[in-house]
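Same chain, two partners: chain A is paired with chain B first, then with chain C.
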Partner chain A sequence: MKIKSYSNKVNEISYAYLFISPFFILFSIFQLYPLVWSFVLSFYSWNGLGEKTFIGIGNYIQILNDEMFWKSMSNTALYTIVNVVVVIALAFIQGQLLCSDNLYFRKTTKTLLVLPYVTATVAAGIIFTMLFDMRIGVVNDLLVKLGVQRIPWLISMEWSKIPVMILSIWRNTPWYMLIMMSAFLSIDIHLYEAARIDGANTWQRAISITLPMVAPVLFFCLINITIDSARLFTEPFILTNGGPGSSSLSVVQYLYLNAFTMFKLGYASTIGYVLTFFLVIVSLAYFRNLKKQSGI
Partner chain B sequence: MKRRVVITTILLILLGFSFVFAGGATEAKLKKGEYPPGKLTVWTYGMPEYMRIYFQNYIDREETPVKDVTVEMVNYKGEGDVRQQVQMDLTAGTLDGLPTAISTFPVSMQVLADAGVLKDLTDKLAPYKDLFVDGAFEQGTYNGKIYGLPYTLQPKMMFYNNDLFEKYDIDPERMKTMSGYLEVGKELKEKSNGKTYLSYVDPGSYTWRYWFRRGLMPQANAKIWDEEGNVVFDKDPGTRLAMDTFKEMMDADLLLNVGMFSPPLYEAARREELATFYIESFWDSFLRSNLGDMAGSWRCMPAPVFDEVGTAGAQVIAMYCVIDKPNNPYADLFVDILLDFNTNIAERNKWSDQMLAMALPTEHPIVREMLADPYWSTSSDFYGGQSYKQMVTKSFENPSSNLAVTQNDAEADVVISAELEKYVAGAQSMDFTIKEIGSKLRSRLNLK
Partner chain C sequence: MMMYVVRKNLVKISVSLLALICIIFALFPLLWVFLTAFQKSQGGVSFVLSDIIKKGFTFENFTRVTQIIPMGTNFLNSVITSVVGTIATLFFCSLAGFAFSKYTFPGRDGLFLFLILTMIIPPEVSIVPLFVVMRKLGWINSLLSLIVPRAATAVGIFYLRQYTSQFPTELLEQARIDGCKEFSLFIRIVIPGITPALASWGAISLIARWNDFMLPMIFLRSPLKQTLMVAISLLPVSDGLSTPWPVVMAGVATATFPLIIAFILLQKFDIADLMAGSTKG
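On to the complex of A and B.
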């Protein structure tokens, strides 16, 4: 009996491993191995062909003095902060709007608000380059009608980041809006009724009921939008190609430049790992804050 | 029962995989000059459809011993993407996935040649070299071996809106020299009350590429590197001449800040806000396809020269390199077709007419006998009766030497372009730009 029961247990465990093995095999080949390999590559100088040259921490030392890298990091930090604040705020407001009983044409509104997310980024980018063109762009035409001078959106170092941020916010908000909307729909409406009876106004209900109830979802959105923004590539690539100078260059775009334009694969791997290091620090800060707030 | 189902399923999946990775049938023996049925693949960029048509015309000809071979031109965004794809296939060991040939530029050609990826075509092309114009094989030669087979050279030219010059009573012949070109620009600006710009400046990387690397720098005899590969950009007098000329244009507000290849650029030309394009001969196809409504307004001439130096811009090569891989049955066929493209006058002219009818590029010949053919002096309605073809041939006559190419050039281009973009954006002076370029090239590339 004992042997049969042990054998059954072994069988069960074997089946379990068998069924999860496809995922882990694929994960090991396509994610774990490249992760480890690119870390090893960051200690080499390699142009993708021929022999690799071991240079120790040479790439990491070079990155400390690489002005273009730190410029791209500061640009990316700005994109991340603006994205986090604006996208979450807009997603919150739009989510609330879609859950409101007073909203007419709910389905149409939802479709229109989601459209930016399903539009191909490259196509949207090309349209945005025409919208923000200094001389024939619609945005400047509107500004002129309002009595404002034309702004060199895409051709000046001061303004080049703005269209990038606008495109990124326009594209990303719908996804987080849908997430927030489903979080709002999961809140028990009786809580609002009880609060109304107790005399709470709209603002008090939002602060005391809505926010605490969606806090876990909000945290999930914060982590996601932070990581997504840190990986921003398509928007600056299409709109400004990271220029003028490196005024709108994102760190992933700089990584791409090093890997596939300059063919410095070792250095590009280093950039990837430095970015990962910063993202890990930011994520740890988020989790620490969450722990503090939940009192654990 | 359940166990048997699971085991049987796994075995069937493994069996299926083994069929996928199993070897194919053995090839039939072929006679010399015959080619097996299959696909001749070329990885390229730009507008490869026009070259594919010539290849297909060759295969379809009754007299050529080629049957059942199709041509596939795989279009990539640029030369870097082609090289990247080659690298990925080599790293993955999928040599069969590599194409017969690729388009590339000298920088990548050198790296790929060093890695043993490219076929040495020296012996194959030796009997034909003398047929080509001087310098045709210069950029495709590395360490004394020919890796690149050119199919055209694009000289620097000047395309100008003749209607504007007539309107403001300015003689375009004054643009034969760089000093004359600048004077014309100032006069256009004045007479149009500031509306008409001499030319454009791209806010991004195209300014370095089209204004400098292939234009002002070789024309001014400028250098980025010396013979030992050290950085001389910031000390070289030719660089100073090129940069100062550009600075003069910017200071006089002669250049419209607008993206290259963008609708606003063409719109500005249409609205008489852009008078000239100082660019390679390929610009002809962009003018014809984007400003077809301005047919008759445009003319062309060789690029203006610096009085001090006297040469009219570097010629940019368009070339293919053959991949050196174990199984490349169409390597010789590819070279034969390219040689036919360069030397078969009747077929080339016929193809050129096909291209013109479809508003596709017609590459200018680089073989002396073909250049002498009357077809390559015929007039063009788009250029108001002027012969664009004849102007391209004329532009071959006085070329500048190309900038010396090293394997640091890809990174140098990024560094130089970034600083130039800052200058164009008004963020720094030209003196500071030159100084920064020199300093950054040395520190990034660890050079003196």
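On to the complex of A and C.
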């Protein structure tokens, strides 16, 4: 009975192709085709209605000298670094917390800590706009009670990035916390017991067992949050609209502005491609690093 | 022994304290929605807790917000987009995940690697041509523009494959011998076998779709076609110069609380196990 007939095998193979085809069809229409077209478009000047004008690498030259673009890039880089460091650190701590035997009401705690993730970024953005308001915001009320001056969070060049970062951290931490938690839970308890018998203290156990055991998950989290942060849009869009000036503008937001407000469609495509270029480099760096670490 | 007990209690107290701080940080903004949305807006909005309690609670903000934006229609649009979108994505992603894990066919590993690599490229890159594609399809102002492109996603296939690959192959072989066709094999045997994974991934997809913002804002231009998130994003500036905060927060509450309540009731969050597991295999 183990031997399958040739026609059966062919039949199965054609079904397999049929089953995976929806993704590849949708991908071709809604991602690949736009992606290729976007590349072509990045060499044109087009306002969406009139004729397209071929300008060669004109857009790419323009982008090199576009101060606003580089400002938005450096803002995004900063958002990404802060997100990677703070979110992963908080997720690690909260994940450990949820695994601790000393925690009461574990399940309730977990549920409550996940709620920011269930809240939409748009909704959270509106809420944070109210909380960080210069005059009526609760954050400034608390600061005044502590004897600190009111801070123009959303309307000054110096401070406008801070609420964007806090919102992004608030919303993203729970997701990574859940992932870290289940990574911790999947570590074999016997490893810790063995280490304890060998005389390792809490810190040594964390460094020599927990970290190496969760390294693949940690790597997964790092690459995920990097790509997600590079695409940051909603937070500055709702909170500050990128301003004042371009002090809190993100790259994707600048792309959106060029495409749907200024109707520079060719230029918007160029921005997208430069962003992708950076993301691919960062991803490759991560992968190389992982390869080195795991000794493949 | 005394020292040990003291230390043990000290650890317990500090763990609870840390948990409490984290919870306050997580819930504080949501608490303010609640306090503001049910506040009477006469006599100015108060942001001081004792004033809010003294003023009493009201539902009038919720009535007012429906006068500013077509909240009911927006709500329905959100429900259709997220529910239909989630069901479609669960079906097509598990189907593909099943094929990738339980069939051997030429180019399988190459195609799967390709699928994973597509996750690196941000979809925003090609937003302009995508908009043109939608316009050609006549899907601007149609919920189809949100449902169809993500009916099968790389990330969904990636995770659900983890579960279908754990499904016992012998069961499939047995059913084939009994004369079960490939598609009914999937419907009748695989799907019931991976319901926990489907529920978890379903919860994630539902949240992502309900909360989605950038693409709905670009594709849905007319107020009656918009989803809730797009509608509430326009609230702060839509009523003349500015809408009073309690009314805005009533909108925010309507948009977020249903999902939060559903989540608390259903407790479907084993998804993280799915994630952590998938990085190992």
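In this text, the second predicted complex is superposed on the first by the 284 of 296 C-alpha atoms of A that agree within 3 Å, B and C clash if a C-alpha of one lies under 4 Å from a C-alpha of the other, contacts with A are read in each partner's own complex, and residues count from 1 in each chain.
The criterion applied here is as follows: a residue touches a chain if its C-beta (ideal position, glycine included) is under 8 Å from a C-beta of that chain, and two chains touch if they have at least 3 such contacts.
Values in this document were obtained by computation on a predicted structure and should not be read as measured data.
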Pick one for A:47: touches chain B only (first), chain C only (second), both, or neither. first
Report for A:286: first if it touches chain B alone, second if chain C alone, otherwise both or neither. neither
Larger contact residue set on chain A - chain B or chain C: C
What is the contact status of A:134 with respect to chain B (first) and chain C (second): first, second, both, or neither? first
A:278 in the overlay: touching chain B, chain C, both, or neither? Say first, second, both or neither. neither
Which superposed partner A:70 touches (first chain B, second chain C, both, neither): neither
After the superposition on A, what does A:154 contact: first (chain B), second (chain C), both or neither? first
Under the stated touch criterion, which partner chain does A:244 make contact with: chain B (first), chain C (second), both, or neither? first
For A:260, select first, second, both or neither according to whether it touches chain B, chain C, the two together, or no partner. both
The intersection of the chain A residues contacting chain B with those contacting chain C is 15, 129-130, 136, 260
List of chain C residues in touch with chain A within their complex: 11-12, 15-16, 18-19, 22-23, 25-27, 29-30, 32-33, 36, 45, 47-48, 92-93, 95-96, 98-100, 103-106, 108, 111, 115, 118-133, 148-154, 157, 177, 182-183, 186, 207, 210-211, 213-214, 218, 229, 232-233, 235-236, 245, 248-249, 252, 255-256, 259-260, 263-264, 267, 269, 271-273, 275-277, 279-280
Contacting residues of chain B [partner chain A, same complex]: 6, 80-81, 83-84, 87, 90-91, 111-112, 114-115, 117, 203-205, 257-259, 262-264, 267-268, 407, 410-411, 414, 418-419, 421-422, 424-427, 440, 443-444
Counting only contacts in the complex, chain A reaches chain C at residues 1, 11-13, 15-17, 19-20, 22-24, 26-27, 29-31, 33-35, 37-38, 41, 93-94, 97, 100, 102-104, 109-131, 136-138, 141, 170, 174, 178-179, 181-183, 185-186, 216-217, 219-220, 227, 230-231, 233-234, 238, 252, 255-256, 259-260, 265, 268-269, 272-273, 275-276, 279-280, 283
Chain B-touching residues of chain A, taken from the complex the two chains share: 15, 18, 47-50, 65-68, 129-130, 133-136, 152, 154-157, 240-241, 243-247, 257, 260-264
